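Note that the chains take the letters A, B, C, D and E in the order they are written out, and that residue 1 is the start of every chain.
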Amino acid sequence: MARRRKHRPLFRRRTKPGASPGTVAVAPDAPKPVIRAMAYGGKAFVEEEIHDVSRVAALMGKHPVLWLDVDGLGDAAAIEKLGELFHLHRLALEDVVNVHQRPKVERYANFVFLVARMVTLNDRVETEQISIFLGENFVLTFQEGRPGDCLDPVRRRIREQVGKIRESGPDYLAYALLDAVIDGYFPVVEECGGRLDALEESVLAGNDPHVMDALHSMKRNLLVLRRIVWPYREAVGELARETTPYFTEQTRLHLRDCYDHVVQLIDLVALARELTVDLRDLHMSMLGNRTNETMRVLTVMATIFIPLTFIVGVYGMNFRFMPELTSVWGYPAVLAGMGLIAAGMLLFFYFRGWLRLPKQG
Amino acid sequence: MARRRKHRPLFRRRTKPGASPGTVAVAPDAPKPVIRAMAYGGKAFVEEEIHDVSRVAALMGKHPVLWLDVDGLGDAAAIEKLGELFHLHRLALEDVVNVHQRPKVERYANFVFLVARMVTLNDRVETEQISIFLGENFVLTFQEGRPGDCLDPVRRRIREQVGKIRESGPDYLAYALLDAVIDGYFPVVEECGGRLDALEESVLAGNDPHVMDALHSMKRNLLVLRRIVWPYREAVGELARETTPYFTEQTRLHLRDCYDHVVQLIDLVALARELTVDLRDLHMSMLGNRTNETMRVLTVMATIFIPLTFIVGVYGMNFRFMPELTSVWGYPAVLAGMGLIAAGMLLFFYFRGWLRLPKQG
Amino acid sequence: MARRRKHRPLFRRRTKPGASPGTVAVAPDAPKPVIRAMAYGGKAFVEEEIHDVSRVAALMGKHPVLWLDVDGLGDAAAIEKLGELFHLHRLALEDVVNVHQRPKVERYANFVFLVARMVTLNDRVETEQISIFLGENFVLTFQEGRPGDCLDPVRRRIREQVGKIRESGPDYLAYALLDAVIDGYFPVVEECGGRLDALEESVLAGNDPHVMDALHSMKRNLLVLRRIVWPYREAVGELARETTPYFTEQTRLHLRDCYDHVVQLIDLVALARELTVDLRDLHMSMLGNRTNETMRVLTVMATIFIPLTFIVGVYGMNFRFMPELTSVWGYPAVLAGMGLIAAGMLLFFYFRGWLRLPKQG
Amino acid sequence: MARRRKHRPLFRRRTKPGASPGTVAVAPDAPKPVIRAMAYGGKAFVEEEIHDVSRVAALMGKHPVLWLDVDGLGDAAAIEKLGELFHLHRLALEDVVNVHQRPKVERYANFVFLVARMVTLNDRVETEQISIFLGENFVLTFQEGRPGDCLDPVRRRIREQVGKIRESGPDYLAYALLDAVIDGYFPVVEECGGRLDALEESVLAGNDPHVMDALHSMKRNLLVLRRIVWPYREAVGELARETTPYFTEQTRLHLRDCYDHVVQLIDLVALARELTVDLRDLHMSMLGNRTNETMRVLTVMATIFIPLTFIVGVYGMNFRFMPELTSVWGYPAVLAGMGLIAAGMLLFFYFRGWLRLPKQG
Amino acid sequence: MARRRKHRPLFRRRTKPGASPGTVAVAPDAPKPVIRAMAYGGKAFVEEEIHDVSRVAALMGKHPVLWLDVDGLGDAAAIEKLGELFHLHRLALEDVVNVHQRPKVERYANFVFLVARMVTLNDRVETEQISIFLGENFVLTFQEGRPGDCLDPVRRRIREQVGKIRESGPDYLAYALLDAVIDGYFPVVEECGGRLDALEESVLAGNDPHVMDALHSMKRNLLVLRRIVWPYREAVGELARETTPYFTEQTRLHLRDCYDHVVQLIDLVALARELTVDLRDLHMSMLGNRTNETMRVLTVMATIFIPLTFIVGVYGMNFRFMPELTSVWGYPAVLAGMGLIAAGMLLFFYFRGWLRLPKQG
């Protein structure tokens, strides 16, 4: 049980109530940022790790697309510096360090601000916030700095010039990042599906006392997943539909595809939830079944032997004048009588169908 | 239980996360395609099986309507070739090979792309994706290549010139195919209805220990059905309402009819689900009833005999000084007393109504 | 149980999948039609039974309103003939013979097509489809041909010139028919309400083992009712709101009233469903209560007598050296001790409140 | 139980199916109407009881506002006469006598027709229909004629010139009446809240066998309340939003306030329903808890004594050759052995936590 | 239980039904108001406590922003005086003293009226109404006068010139107050989350008999929270979207951020509710599990010993002619036979899996 404690709490919000809006307050345990820059356009391609934020200014505007990936939110000064360089609004910066945002899209005068969440499933579903700023010639991403992310395939496609990513603008890059994040949900949902199949077998076998616990844990995970997946629908749908100066018609077609994936995800999560509820019902019913069956065994045994035990008790009494006791036929007659009673009982139970026992226990 | 494993998983998606969008990645176990062409217009009618995709070019534009049915998705090159021939968008082609799409309609510049799912019911509901491309003078269908489909009546109507299909354009053919697919759901829903009737009888008879399992399986099937049937509502409704260059006014009237069928399907599936939930409630209540009844039998038997057994125990004690034991009337008096106690108990139970036993077991 | 089988199945659809759309396929067991014509306008009024469909042409256009009521769908030729005479669309005719339509309104170029369902409640709710065609100067109704319908009051109002029906056009007649059909639902819902009251008493009395079965049957009926009643809302609401050439402003005011009744019906059916669910909950809770009570009786009896029986067993042992047995005070001391134990147990149970027994059984 | 029967049925509708629309059919048991007129405008104020409907004509148009309150629907002729005098539509008059309408607003050419329901809570929630006609210079109200209504405060405000009612037109009077009716719901909802608090204590105390019955009754009442309260939302919202010639801008501001109260009511009823459902869950869970506890007492007692009783039975056998019986240590050894067994059992139960007993019974 | 009584009732409304609308009726137990004024603009800043309402007039219009905070509603005259000074509508004043309003926004001709609720969580969630009037150059707040509020951080920001609050108009102040109130919900929701985690452990440990009670209490709190949080969505959303003369474009950007927080809150409360429902299900299932387990222990013990006890009873009978009794092998043979029976039973139970006992009790 104590083990459960180390999970990140679901209900937490970092900024202190009443703080001035737009405050960039980093968590004391947030890891120091690692900043990687990729700048490209057609054939040209530069990649470097940045150790000093002031180096960024030198990269700006040199290439059609500049992608700055900040992995770790432990340095408020650096984040504020980047905010100034790229003219980001303070309210958006506040959301970057306040890592409990729901996925959303916000349009500002000079940039589009996207919040998405990357998802992993260990014992529980856990998520990491990724904030994406899309400007005229840059994409800025902020991650929480946990080990690993799901953006490596995009990096590889840029480096190795796979598909048309090197020929496209920053809007396509932003789409590609969002798509990679959303694609990362499918293995998690698949894993849930696999666990549900295993749980179904456990429920039907009825021999796992922890199945209800596992179902509960599954429901919790699906609740969390649903909570994260739903807001994408509105956010991505909006991007795919509306005309903004930042997304080309071509990229919007891809966003429609991305929206399709979101709808599919929502659908799968909903399906998984309903299957979980069904399994719980099935489990409860089998439990009731089992209790009923146990009752029957007890009832059959007790009902047959209780009257017989009474009878032998009668002839165990020490009254001086009990004529049956002295009869030669007393003992066999009582035995026979008891046999008849037992047979009658058994017939009664047989016709009530209580002697049929299901295979399983 | 192991038998359940061989079903196709509900939660699977083929393309690897992070792949470049528009990748046509066929599954390794997808069957090789069988391609059949039908070209017609009024009296003219040609039908042939195509073994080499390059043969298709020769058929294009010769007749008012060309229907190319590709059954099997195991040949990526052929699919890409067809995509080039008919100028299909790569994102649509990706959806063709990625056979876990929900039914949908997507409008592209030069064609309309429909995804539908054909349904079969064995132990579980299983579905096969059919992708329909409708262009100016062609209809292209891609199936997963499983044995059998529900399009034979349409083929027969073309061959034998039944109704007005030969006089109509490719839009009518696309409608006819969609209608055939949707009509194929009704026997499945009817079968579910029949099974529900049988389950109702089982529940009321109360003698089938696997009824809850069957109800669970039914709910699962209906969940899957609902998940497939719902998206049609939006897709077909959109086709029936909106004016696109691809559907004539006349065909739209037929699409309205088709939409009607979809609404009816949704309605029947919802009805079946609610009946299933009701049956589960009924089953659980009868289970509780049965447990209660078993309890009563046990309680009546135990409550009558436990005090009597105590009494005979008393007179079975070996105390030297028990005056009752030596009395001539001791034995008959005790027997009579126990008879009175038993009668009192029986009266008590009778007035509490515990001696009434329902018919069933 | 077998008796249940003779009900009409809920999940049935007549036309074979894949049939050409617009096929008029009558069921083999459909009764032969009885056709009645009523033509009127102000003072003028003609009524006759029609045995030959070709006679209809002679009646057309003679009076402001011609109402042709076809009761029975067993004659495909006659239906097709009528379709030709009144220029009815084949898709509408297909819906006429396919008697599993939901209530709906469809507008065609030269007529309005309404589908309604008449309802009866025996053991189960059963419905009969009535299709209404409203044209410029005619109303055509098709019924399934079951004995009895709810249109007699309308016929009487025409014959006896009650209200303004004889002065009004065919739109008012169509409204009057629809209103009569919808009015026919109220007695059914009232009957359901009465049964629910009776069921409530049964549940509270707790002595009817079939109450859960009856609740299930009630829920099933209400499900079916709801399924039929809901679509009216859309259909009638549309007629009352939209301006079509076929309905005068005056009739639309009456349709608003009719819409009001539909809303009231939906409301009552929803109320009845919630009451049914509540009764089921109440029933389940009382069942649990009863099991608990049975358990208590058993527990009290067993717990008091089991230790006592043990004690008398001890003194029934045949050990040669048991000093208590030879004591003169042994027997009374043991009796007294057992009395004390029993009293203690009773006190314990009394303070736990287990000796209180509810009145009912 | 029989007592329940005297409540007014929920599912009743007076007019016979198929009657001509607009029929004013009074119920045979409807009380004769008592008609009170109030006419006012600024300082001027007249109040009289009217015994002959023809007297009304003399009052019309004399004052800016004429309020005629008809309490009792037992006189069809009087109602029809009033209908003619004020030019009321027959469909509206039909709704007046058909006292099972849902709250609603209907706009006619020359008046606005409002239906509201006054509510009282005894054992069950009961309602009385009040129909309000608002014309250019009159307000006409029809009540069912049950004893008491909630309009006295309005009458007092008119008589005593409280607030601005005497300076305002008939629209303000209609608003004031509607507001008084809706205000009358709050004490009922408060009473429900109080009963819920009492029920919560009963459930937690667990000593009231009728708590489930009371919860059921509460749910029924809340169902009925919700059914009446919801339609107000649409009706009052519409009045507050739309511009009609009958409501001044000033009165619409008050209607917005009234709408606010309706939303609050809906909210409170929904809250009460959810609390009721929660209480039912809590009750069911405590019931299960109690059954479990009873089981434990039985199991502990039986499990300890059953083996001991067996042992004493063994040494109660009458075999001639049982060496233990003749041993001097036999009896003490057996007693000691049984003591050990009992201690072991108790330890086992102690570590399983079965010896802890909750306080309650 | 009695302790529960002292909470403020959920279902209460102060004004008497039928009172004239716009009546300012203060509750008899409402505390006397404490009025604090803050007036500022850029560098200028005045703060004073006001003891006489007439002093307010002197402060009006002197500074760009005047914030008057009235804490306590016990002085109807003062409230009415302020209403006159600032030209507030009587209906709004009625809502100020009627402290059971839902959060809402109402636009009047010369001011915007906001109602919000500050929330605290002790045993139960309790709320205090705060009414905010925003005019051209003033903000007026009315609180119920309970100890403490959540506005101190805003006061501090004004006094210490933190952020841009001193440079902004009254609209920014109104936003800042609303934001502070909404921020105050997060600690409450977090606390609920923490309690849920603790409850989950209790449920899984299964040793807390009051867990269901605590779950019920949690559900009640979440119901109340949801009821308060939902209306913000509409109110704040409206403010953020619509253009009113009172909110600048800049402040609307901040309101969008505030709306975001509201959506997050709604989301968290919904999540907490679903987790609570899940925990209840888990608890019920574990209860059923435990009952089943108890049953098994009883059944195993009883089933093994009941036949054995019968056998020893047989040989305890006192028949004169029982050949077994005199045999030397009688006793050992019976012992061996009983051993075999017990072993058989144990094997039977072993293979049914009834001997496996879960760890917990």
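One rule holds for everything that comes next: a residue touches a chain if its C-beta (ideal position, glycine included) is under 8 Å from a C-beta of that chain, and two chains touch if they have at least 3 such contacts.
Computed from a prediction, not measured in an experiment: that's the story for all the values here.
Per-chain Cα centroids separate subunit D from subunit E by 25 Å.
Separating the CA-averaged centres of subunit C and subunit E is a span of 41 Å. Taken residue by residue, subunit E touches two or more other chains at 284, 288, 291, 295, 298, 302, 306, 309, 313, 316-318, 322, whereas all remaining positions touch fewer. Viewed as a network of touching protein chains, the structure reduces to one closed ring of chains, two contacts apiece. Order of chains round the ring, counted from subunit A and going first to subunit B: A, B, C, D, E. For subunit B in complex with subunit C, the touching residues are 150, 152-154, 157, 162-163, 165, 176, 179-180, 183-184, 186-187, 189-190, 192-194, 197, 200-201, 204-205, 253-254, 256-257, 260, 263-264, 267-268, 271-272, 274-275, 278-279, 281-282, 284-286, 288-289, 291-292, 295-296, 298-299, 302-303, 306-307, 309-310, 313-314, 316-322, 351-354, 358. On subunit B, the positions that touch subunit A within their shared complex are 1, 4-5, 9-13, 17-22, 89, 91, 94, 100-102, 104, 106, 207, 209, 212-213, 216, 219-220, 223-224, 227, 280, 283-284, 287-288, 290-291, 294-295, 297-298, 301-302, 305-306, 308-309, 312-313, 315-318, 322, 324-328, 330-331, 334-335, 361.
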